[in-house]
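This is the structure I have questions about; it appears just below.
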Amino acid sequence: MKMNFLKLFATAAVIAGTIGGTSIAFAEKSGGILKFYHRGTPPSGSIHEEATSSTVVPYMSVFNNLVMFDQAKPVNSIETIVPDLATSWEWGNDKSKLTFKLRKGVKFHDGKPFTAKDVACTWNLILGKSKAKLRKNPRKSWYKNLASVETNGDYEVTFNLKRRQPAFLMLLASGYSPVYPCHVPPKKMRTKPIGTGPFKFVSLKQNEHVKFKKNDDYWKKGRPLLDGHEWTIIKSRSTRVLGLIAGKFDMSFAGDISIPIYKDLAKQAPHMVCEKHATNVSTNLIVNQFKAPFDNADIRKAMVLTIDRAAFNKILGHNEFIMGGSMLPPPHGVWGMPPEVLKNVAGYHPDVAANRAEAQKIMKKLGYGPDNPLKIKVATRNIAIYRDPAVLLIDHLKEIYIEGELDTVETSNWHAKVARKDYQVGLNLTGIGVDEPDAMFYENYACGSQRNYTGYCKEEMMALFEKQSMMDDGPERLKLVYEIDKKLQEDAARPIIAHNVRYNCFQPFVKGFKTMTNSLYNGWRFEDIYLDK
Amino acid sequence: MVSAEHKIEDSRTKVTQRSVWYKIKRLCQRYPLGAIGSFIVFIVVFAAVFADVVAPYDPTQTNAKMSLSAPSAAMLFGGDMMGRDVLSRIIHGARISLAVGIGSTVLGGLLGTIIGLMCGYFLGWFDLIIQRIIDMMQALPLLVMALVMAASLGPSLENTIIAISIPLVPQVARVIRSNVLSLREMPFVEAARSVGMSNGRIAFRHILPNTLAPLIVLGTAQLGSAILTEASLSFLGLGVPEPYPSWGRMLSESAAEYVRVAPWLVIFPGIAISAAVFGANLMGDAVRDYLDPRNQG
Amino acid sequence: MSAYVIQRVLLMFLTLLGMSVIIFVLLRLVPGNIVDIMFDSAGFVDPSEKATIEKELGLDLPIYQQYFDWITALLVGDLGFSFVSEMPAIDEIGPRIPITAKLAALSLFFSILFGLPLGVISAVRQNTALDYVLRIISLSGLSLPSFWLALLILMACVSYMGAIPIYTETPETLWDELLLYLLPSAAVGFRASALIMRLTRSSMLEVMRQDYIRTAMSKGATENAINYKHALRNAVLPVTTIIGIEAAFLIGGLIITETVFNIPGVAHFLVEAILMRDYPIVQSLVMFIAIIVVVINFLTDLAYAILDPRIRYS
């Protein structure tokens, strides 16, 4: 397995060396359908309206972005951004104005030409400025700083920002930032999406399949190599993994192979190539600071102290999960606090017994004890990946005289319940689209953001968010991000338990693909993949 | 067949003079499968009643070291994902399964019997109206009905019992009614009517005892099927929620996920469910044979 | 008799009308509406966007208005649009029905093929070794959780044959199709045949004890003639009820089996639609199932009347 990993890494490096790639060291083969399984029917085909890998993973290849993350490099960062529909870009006005030169001769799947107008339409749709409206707009918070989009002729477009934001380019490189055609209404984009990408949407049948076929008129010469890719929807994980073992599928679904399942796969199907990756999804605690007694910072601190992260990691991650703050630590991520910084953050000290003794003291001071426990409900979604850590959490809370009862909430009610702040303590999973502090902080910790479930809102933190956002990438910004993250953890804004790690497994004949390690949402363009059968 | 019945009558007169133990021994000899079934049911009931004493561990205590550990001397049936003892969880799970099984069978059976008897006996407009309601209830298959009910009531133990019992009502009622329909034309009922017995008396003296056999067959089959339906609802994500160690939930998603890595997570709860249902069914058969009015001569 | 048939047909419509009200109300009791679920994939709920979508879907109307709109559309054959896929509900449901129908027919065929004769044999050879073996087999069929059985079958297939019989694309030849449906329908049929066998046996025994059989016996009819002519004929009565109920009950087994074997049939689709609160789909499907069940019940009752001349209808 390790050998394969190294070999693939080498392949990836070679491919990466020839961006735009017409001449590649290995013999590429055209043709064939890549077969995936999918864990559930995608809610729709409109990437801008969804915030789930169920949609972005299969549909990303229908579209192009202005810029994208180099598909052959595992770690997304500002350095790995490459041209896509934009051929070049230029910052102006002290990085508060971003101008793109656009590719000529690009056509949408329905034959209509792509122009600057389509770019303007797409972001006006997100800003709510166009006549057509999105039903749902999950990435509004990403574009808080975007003032307007201007076209200069058919092949140039400028993004005017309200203030300096060098990381704006990162947001545009995500799989969540495709360019939509102006002439197709949002409803049609949900059911029969049209883009400029290497693959055309063919059909979606609920609980059955999603199919895509090659775009013969793709603007990139010689791409894509595949004739298409097809996804069989299988809800039961044991069934779909059995299918993978039996060779019915060429690749697993993004983030689906958990560590225990990987271990079984490695035994049952040792020929399979499995790449370990962080999903940039963290398991965390949400504490309702508006409800007594959790408005008391001391209780929140005690709760943070009693968490035995090693036990979580042992059970849920077979010791392969990554400890960190809100940002994913290196080597998988870019911005997370490394172990030497992390150990100074309250609650992260490895001596759990000492932490708990301190927590017990706090609780006793507040009048709780073995005979007078604090009875609470721990809410979580009724899905195994939420439920399992919640059970562990309840067990750890027992140590500090908190008697938790699990309150499993159906998926249908979860977000509504959390939005109403109708919970005491919850166990939650948080994923971000790009490994970028701007995306993380503004989405999850900023005042007024829809995904800020805990309602955490502090002026001083908002000022710090803005300060880091205006800085260029470099050691200084990194230092400030560490500092912010440490504060967020110590405030128990949303205590992070662990960053999840998964495997992406595929058959050895699948070439020209690299699993990204700090995002689940950006590496699915598929134009370079080929089948070496 | 005739000679067999004589033998039963012979043995019956003898039994009354002997001790209780002798009775049990004779019963076991006459109904060996029933004896096995009763023994299994006894074990399940025993486990449910004395779970706190019998179980080696606290069924909710997690233990990182024992996560997905194979069966060993420390944990006879191995450990689950959370390192909880599977054996202890199965022992405690007997409570939930019994509660769901007995609760829903009694609730559904009682309502169904009353409705079925009344419909079959009174016929006429009463039967018509009730039959329409039953038809409506029965127009949805058990699991579909239970699914809709479970979804609308929300997951909890009480709601699971109600959700599983309601679809049983029309099933019981319908079979009881059809039995009553053919029984009421039987010579012995006609005879009873001709000597001027009242309707109520006929229902209780003749019809009810005579519908007892199919009722018990149905009841025991449904005791088992209630446990199975609970497991199915859990499999579909709508069963008894997590803090309770229910067999169905143990078998459902999270266990099925580790079926290949830790087969004991699937095998032992599966065996527990199968055995309990099997035992209930065996016992039901024997009880039916024993209660059969024609066996009593 | 014909008056009875007309009466029953009218009552069937009444039942279905009542059913439509029940399912409509029941679905709307379910906490969490479709729009909340739609927002799940966005990771938040935006109240103003939610209100817009509700209006678009007509969920802001009073419930009686919604019911009236739905039922009048249904009567002219308009099933509406799926909330989830935004496609016409008929296009979502239609192609899935034959898949489930084939599976159900095959399962029912298996269950009657094995259940009925084995049940009779078991009753006739009551308390012999054969009877015991058959009873244990039928009981174990009723005792195994169906998804457990299905999962074990799948695991065995992968371990011993290296292949997995899950539905991945439309089968091309009849043989492929049969192969694909064989294991799932066997998994469903096993339980169903166990039930039929059990009922046939107890029903046979019941009838064999009754006075007229004894009378036949005392008149010197041979045992076989009695078993097959008199007893079976009367024993079939409750068994038809069960086969009728079973045909509908199969949907339950199919829900699980279609899920485990990933067959894109209508049973599996129904569960998904319930979980997603896709009202137009659930309502149409439930009405469809209800129509089938009501018709089967009606036919069962007719069979009663024909098979048991002692039952009189007035």
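As written, the chain order gives the labels A, B and C, with residue 1 at the start of each chain.
Note that contacts are C-beta pairs under 8 Å (C-beta built on N, C-alpha and C of every residue); 3 or more make two chains touch, one makes a residue touch a chain.
Not measured: the values here are computed from a predicted model.
Steps from chain A to chain B, minimised over paths through touching chains, total 1. In terms of C-beta pairs in contact, B-C outnumbers the other of B-C and A-C.
Computed from the mean C-alpha positions, the centre of chain A lies at a distance of 47 Å from the centre of chain B.
Each chain gets one centre point, the mean of its Cα atoms, and the points for chain B and chain C are 21 Å apart. Between chain A and chain C, the centres computed from C-alpha atoms are 42 Å apart.
Residue positions of chain C touching 2 or more other chains, listed in rising order: 31, 151, 155, 259, 275. Counting only residues that touch two or more partner chains, chain A has 236, 238, 242, 410.
In chain B, the residues that touch at least two other chains are 154, 237, 256, 259-260.
Residue ranges of chain B in contact with chain C, taken from their complex: 1, 33, 128, 132-133, 135-136, 138-144, 147-149, 151-152, 154, 171, 174-175, 178-179, 181-182, 185-187, 213-214, 217, 221, 224-225, 228, 231-232, 235-237, 248, 251, 256, 259-260, 266, 270, 273-275, 277-278, 281-282, 285, 288, 292, 294.
Every residue of chain C that touches chain B in the complex is listed here, in rising order: 11, 14-16, 18-19, 22-23, 26-27, 29-31, 132, 135-136, 139-140, 142-148, 151, 155, 195, 198-199, 202, 206, 208-211, 237-238, 241-242, 245, 248-253, 255-256, 259, 270-271, 274-275, 286, 289-290, 293-294, 297, 304, 308, 310-311.
For chain A in complex with chain C, the touching residues are 41, 43-44, 49-52, 54-55, 133, 135-138, 187, 190-191, 204-209, 232-236, 238-240, 242-243, 245-248, 410-416, 419, 450-451. Residues 60-62, 64-65, 67-68, 81-83, 154-155, 237, 241-243, 253-254, 256-262 of chain B are the ones that touch chain A when the two sit in their complex. Across the interface of their complex, chain A is touched by residues 31-33, 36-46, 49, 52-53, 56, 82, 84-87, 92, 95, 151, 154-155, 157-158, 162-164, 166, 168-169, 259-262, 264, 268-269, 272, 275-277 of chain C.
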